[in-house]
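Following this line, the structures themselves.
In what follows, chain A forms one complex with chain B and a second complex with chain C.
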Partner chain A sequence: MSKNRQLSVRSAGSKSDGLLTGHDRLQELMMIFPALMLLFLFLMLPFLMSIELSFTNQRLVQGPVATKFIGLRNYVRILSDHDFWQALWNVVRFSLMVIPLQCGFALVMANFLNKLCVMKGFLRSLFFLPFITPMVIVTVIWQTIYQYPNGIMNSILEAVSFGTLGPVEWLGSELWAMPAIVLLSAWQAYGFQMIIYLGGLQNIPNEIYEAADIDGANGWAQFRFITWPSLLNTNVLILIITTIQALKLFTQVNILTKGGPNGTTNTLVHYIYESGFVGQKIGYSAASSLLLFLLILGIFLVQRLSLSRLENN
Partner chain B sequence: MIVGQRHKEMIKAGLLILLGLVIVSPLVLMLVSSLKDDMYRIMEDMGSIKAFMVGDPSMNNYREILSSDSVQNFKRFFMNSIIILAGTVTGTVIISSMAGYTLHRGTLKIHKILLPLIISLYIIPMESIMLPLMYQVMKWGISDTYAVQILPFIASPIYIFLFYQFFRQVPVSLSEAAMIEGASFWRIYWNIFFPINRSAVVTVAILQGMDAWNQYLWPLLVTQTERVRPMSVALASFSGTGVIYWDRLMAASVVMLLPVLVFFLFFQKFFIQSVASTAVKG
Partner chain C sequence: MSKRIFTSLLVVLVICSAVFAGGQGETGPSNKVSIMFQGPDTEQAAIRDSARRFTDATSIEVELLFTPHDSYTEKLAGYISAKQLPDVIQLDAPNLSNLVWSGYIEEIAPHISDALVADMTLSNKAQCTYPIDGKLYAISQIDSTVLLYANKTYLEKVGARIPRSVDDAWSVEEFDAILAKLAALPEVTWPLDIMRSYGTTGEWATYGFSPALQSAGGDLIDRDNWEAGGAVNSAESIKAMEYFQKWAQKGWLVPSSGGDNQLYNADRAAAMAWCGHWLWAPASAALGGDLVVIPLPDFGRGTVTPNGSWIWSITSTSKNKDKAGQLIEFMLTDEKFLKDWAAIGAYPALKSFARLSPDYLDPDKMAIAFAQADYAVSRPPHPAYPTITVEFARAFDAILNGTDVKTALDKAAKAVDDDIEDNDGYPPFDR
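Up next, the complex of A and B:
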């Protein structure tokens, strides 16, 4: 009914008053124009340009060598660069460690908070605090925690090993630098997954739990057979978001280790940054940027596929 | 039975508070360290329980970083961050909501193509175009300005879509009266749609505000001087390698966190709702 009325008002307006419609059209264009212009200048154009740049030897500041088309040479060089594969392996390694840690902790906390009756709001906010802390500040604080030889992490290590394990140079060790980055990243970001899980948990009807209580199912059985299966959609969503976030790892690494020691914490975004900004090879860095894009696009498509599968089932 | 249940709840809440205190202890560490005047004492205390205690709190570090003759121009960096935040949030709310409204209510045929096109742009992550974009803005001569740190973010596919979806839920009857009176396309937006769109504005403002305040890679690439450099990049450059002035660095970190914290304490519910709404992003 109301839709019909709206339509009739529209058409009546356009017939009796052509000038007004023309005016409306102009307003429509003017209201969408700024967004389109900005999207074109700062998103589409650099994206299209990066395709073109990736086939050239363009440098940030024009040197004595003229810019020329060099075909696939950038791509060949990247794909045969040990540092690139190491950076790719590092983000995979980072994801494999950070996703279970961060999402697992978030899920546990969400379960605790969900069934709580007292101080729920306060505790939720308390556990959410790390997430609102800017990453730069997180790195400053954790740098003191990882300090060699007298940071808190080393004191804890010494205490739990009764002094048998000596101080470790967490951020300077090829073995421990990545796990150290993983821990501080998970600490900063788990609040996000916790909130998403809380939303997912609230969608599970309480009657199911009550019925399980009557049947005498214990807490673990309830989690295993009610909560976990009900969170399937939430899990897929969280997995995808967290993976894409993990692949973009940069800030922590750039501030704390600069990709070191010996490239063990180098990441794809850091590789792009090093070649384009520090090394000033824009063509080369555009090619690696496109490879990052393709990787993220791939994950995005996997998400679409798996979500539509889930909906069909 | 019920009393026992309550008891159990209280114990559980108590344990969670303890765990919560452990979790936020790094933030306490920062706050306590910032009140210690002597950076060598901060370094000495770092590994023990003393890191969380201060007998003689002093505001000297804050006074030092906020005074105008400080070597590290923190006041400037702080103001820069505020300007960038304000510009980004205002710009996004105006430009993305206008676009979302037009895509929903507009009658031009072109919107049918624009909507899927804009949504599909969402899959291009900023990280994968940053270096080409840096090259581009240097050629345009707009690097090292506030504008270059604001403009790339204010027309965001995801927020345009968020506004579009929000406007779709507004009942038609609300705008009917205005249409009968012959109000123009812009008038209906400005007088009817924009004012009732408050919850979408709050969501976008919080998410964009947090992003703008935390922005690191982009300003690192495009700010060559201290003139327009935001807090995040400045703080990072005083951290990392070399001699670290922990006293001032900790105070500066507190100053950078404070506005976010105050905002969070006042608008906790909105913060958490906004973050939860990003789940529908994908």
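Up next, the complex of A and C:
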């Protein structure tokens, strides 16, 4: 124990000097070396390579025509491709629908579970279940739910509307295909946000609620003036994570619609996948993924900036 | 100090790379042949069993490299960049040209017997030939075809003529009129199922519906000058695709979330299905004598069916080409192997295999389907095929959903010609 303390004191001291003794530095480097190596090999290197590839006509299976530098041609083609802009718009549409739905539902469920006294553990695992089920399996199940004309979703619609509505062709209509994917995505993934919210809720000291009770604040007022402001940091985290997840939408689309009907569910990642692995144009595909990277980076920076400004106020 | 760190890192790296390099080694000729394949359980079992019989008969070991269908292209690209291609690879026929062009596969005739080559159907030869030199680079026991499957009761109710041979196909006008009459029958929800549930933006779109272009006199790409502009967006191609748009807009086609069994499930809600030979087994089991098999409609220049399935090739980097040829020869003449494929309803690509598949000989069953092997048109054997298929499929989906036909096909033509330009015309295809 004392040795430990000694170590931490020394490293804290040396850090403030901005210098480490040689032995410590070696030790630290050795410790982060494996992680750095892996990150470099499997993340940085491919990323740098894809920047290079994006300026070439590289194909998936290399042919006798040498790969050559084609300048900005890939970027020009992508930016003048209607499908790319449609995919971008679809991802934005998806995010705008899925983020409020998924996070809102997660918050409601977290509040419910937090107040629960009986069967706490059981219900928590139950509501967490969709998240630990692989997306592929969830998607295949929902495919049967959305079946036309006799799927469960259509039966429900018919029952609640007393037979006046439906059947709707959920996945085959330009209007409903995206909302259908939003619903299933939110259902599958809300568990993750729910757990984070639950953690956030449990960090709020009980005394504040007790004081609010004495002051006569009702449930809504407590939520509005205590819970919600206290969850600010949690919200920041959740917003960023959910946005990045939403921008990377792929699995559901690839299984359910392959981007159809008429491109209304095509997403950027599906666009990248299709040009790279089906169309076998790796250079083109690398250029599109760099654009996606820039998009995510941009959104992340905007979110960070605006949220830190919010925190400072 | 930092120098010492650097040195130690370097030592670690050198050791690591030495260990990895040692694992690979040089693979010279050996008493072993490796084979890469894909497919559902039943097909895998047939391949594994036959490989075992091969080892028993020749004492040549077979290394079985099963690769899931969905990641097959990626895996193949991986083997290629690692320069570790197996001796025998199974590949999807439309990819043949791309791989021969890239120099990864070997002419096959020198490694198998003349008798086996003579046993191939015309369609099989077509799917395995590289157009630049006209030579065979692969062989298969299986092939495929597309037909109309119809509910006989419904056809008789509307008084439709039932074609009995390939030359006797419905003209598209006749087909269109029959669809209209079927749509009026109260028990028919949809006159036609074109298997939109397979996903109309995948390979099915190109495979299943490019024959309509060819039957009309158009094509996916001009097979003389290898340009898509003027072929996929020709007046003939537009005319053929306008029929599909009309059928979709009238609500005559089973929607994509309607599944693939509306022809033969309990409701019998679809009157006809435009589908591959694989629909025969489930549809005939459910409909029995009520099921008739009809060639695809004639859009002007005679009915056209697509072809192509998974074919066997020997890689040019193989050190065991003779043994690889021996394995292919053994499997394709192994009666038990062929019977296993017959049992799962495979479409024969060898005449000897057809004799073991009674359904494909029976005029009341799939004889028309097998007769189509003489009329099949392969998908364009061009290295740009991956792009051709993606772009056509996108256009087809757009057309079914109401986009102007000419606009959609023009866009596909431009994307394909752009890709060809980016690759300098894929020499020697630019001649």
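Points to keep in mind about this one:
Note that in this section the second predicted complex is superposed on the first by the 254 of 313 C-alpha atoms of A that agree within 3 Å, B and C clash if a C-alpha of one lies under 4 Å from a C-alpha of the other, contacts with A are read in each partner's own complex, and residues count from 1 in each chain.
Quick note on the criterion: a contact is a pair of C-beta atoms (placed from the backbone, for glycine too) under 8 Å apart; a residue touches a chain by one contact, two chains touch by 3 or more.
Remember, predicted model here, so these are calculated numbers, not experimental data.
Contacts of A:Phe47 after superposition on the shared chain: chain B is touched, whereas chain C is not. Of the two partner chains placed around the shared chain by superposition, chain B is the only one that A:Ser155 touches, whereas chain C remains out of contact. Of the two partner chains, neither chain B nor chain C is touched by A:Pro179. With both structures placed on the common chain, the touch criterion links A:Ile241 to chain B but leaves chain C unconnected.
In the superposition on chain A, contact of A:Ile195 is made with chain B only, not with chain C. When the two complexes are overlaid on their common chain A, residue A:Leu116 makes contact with chain B while staying clear of chain C. Of the two partner chains, chain C is the only one touched by A:Gly263; chain B is not.
Counting the residues of chain A that each partner touches, chain B and chain C differ, and the larger count belongs to B.
Look at A:Leu60: by the touch rule set out above, it reaches both chain B and chain C.
Judged by the touch definition given at the top, the superposed model places A:Tyr146 against chain C, while chain B stays out of reach. Counting contacts as defined above, chain A residues 25, 29, 60, 143, 147, 151, 258, 277 meet chain B in one complex and chain C in the other. Chain A contributes residues 22, 25-26, 29, 33, 57, 59-65, 70, 73, 77, 82-83, 143, 146-149, 151, 169-172, 174, 257-263, 274-275, 277-281 to its touches with chain C in the complex. Per the touch definition, chain B reaches chain A in the complex via residues 9-10, 12-13, 16-17, 20, 23-24, 26-27, 29-30, 33, 42-44, 46-48, 51, 95-96, 98-99, 101-103, 106-108, 111, 114, 118, 121, 123-125, 127-136, 138, 151-152, 154-155, 157, 160, 171-173, 176, 179-180, 182, 184-186, 189, 210, 213-214, 216-217, 220-221, 231-232, 235-236, 239-241, 244, 246, 249-250, 253, 256-257, 260-261, 264, 268, 271-272, 275-276, 278-279, 281-282. Interface of chain A with chain B (complex): residues 2-3, 5-6, 9-10, 13, 17, 20, 23-25, 27-29, 31-32, 34-39, 41-47, 49-50, 53, 58, 60, 112-113, 116-119, 121, 123-145, 147, 150-152, 154-155, 187, 191-192, 195-196, 198-199, 234, 237, 240-241, 244, 248, 250-251, 254-256, 258, 269, 272-273, 276-277, 282, 285-286, 289-290, 292-293, 296-297, 300, 303.
Considering their complex, residues 1, 4-5, 9, 73-74, 76-77, 80-81, 98-99, 101-104, 196, 199-202, 255-259, 383, 386-387, 389-391, 394, 397-398, 400-403, 411, 418-419, 422-424, 426-427 of chain C touch chain A.
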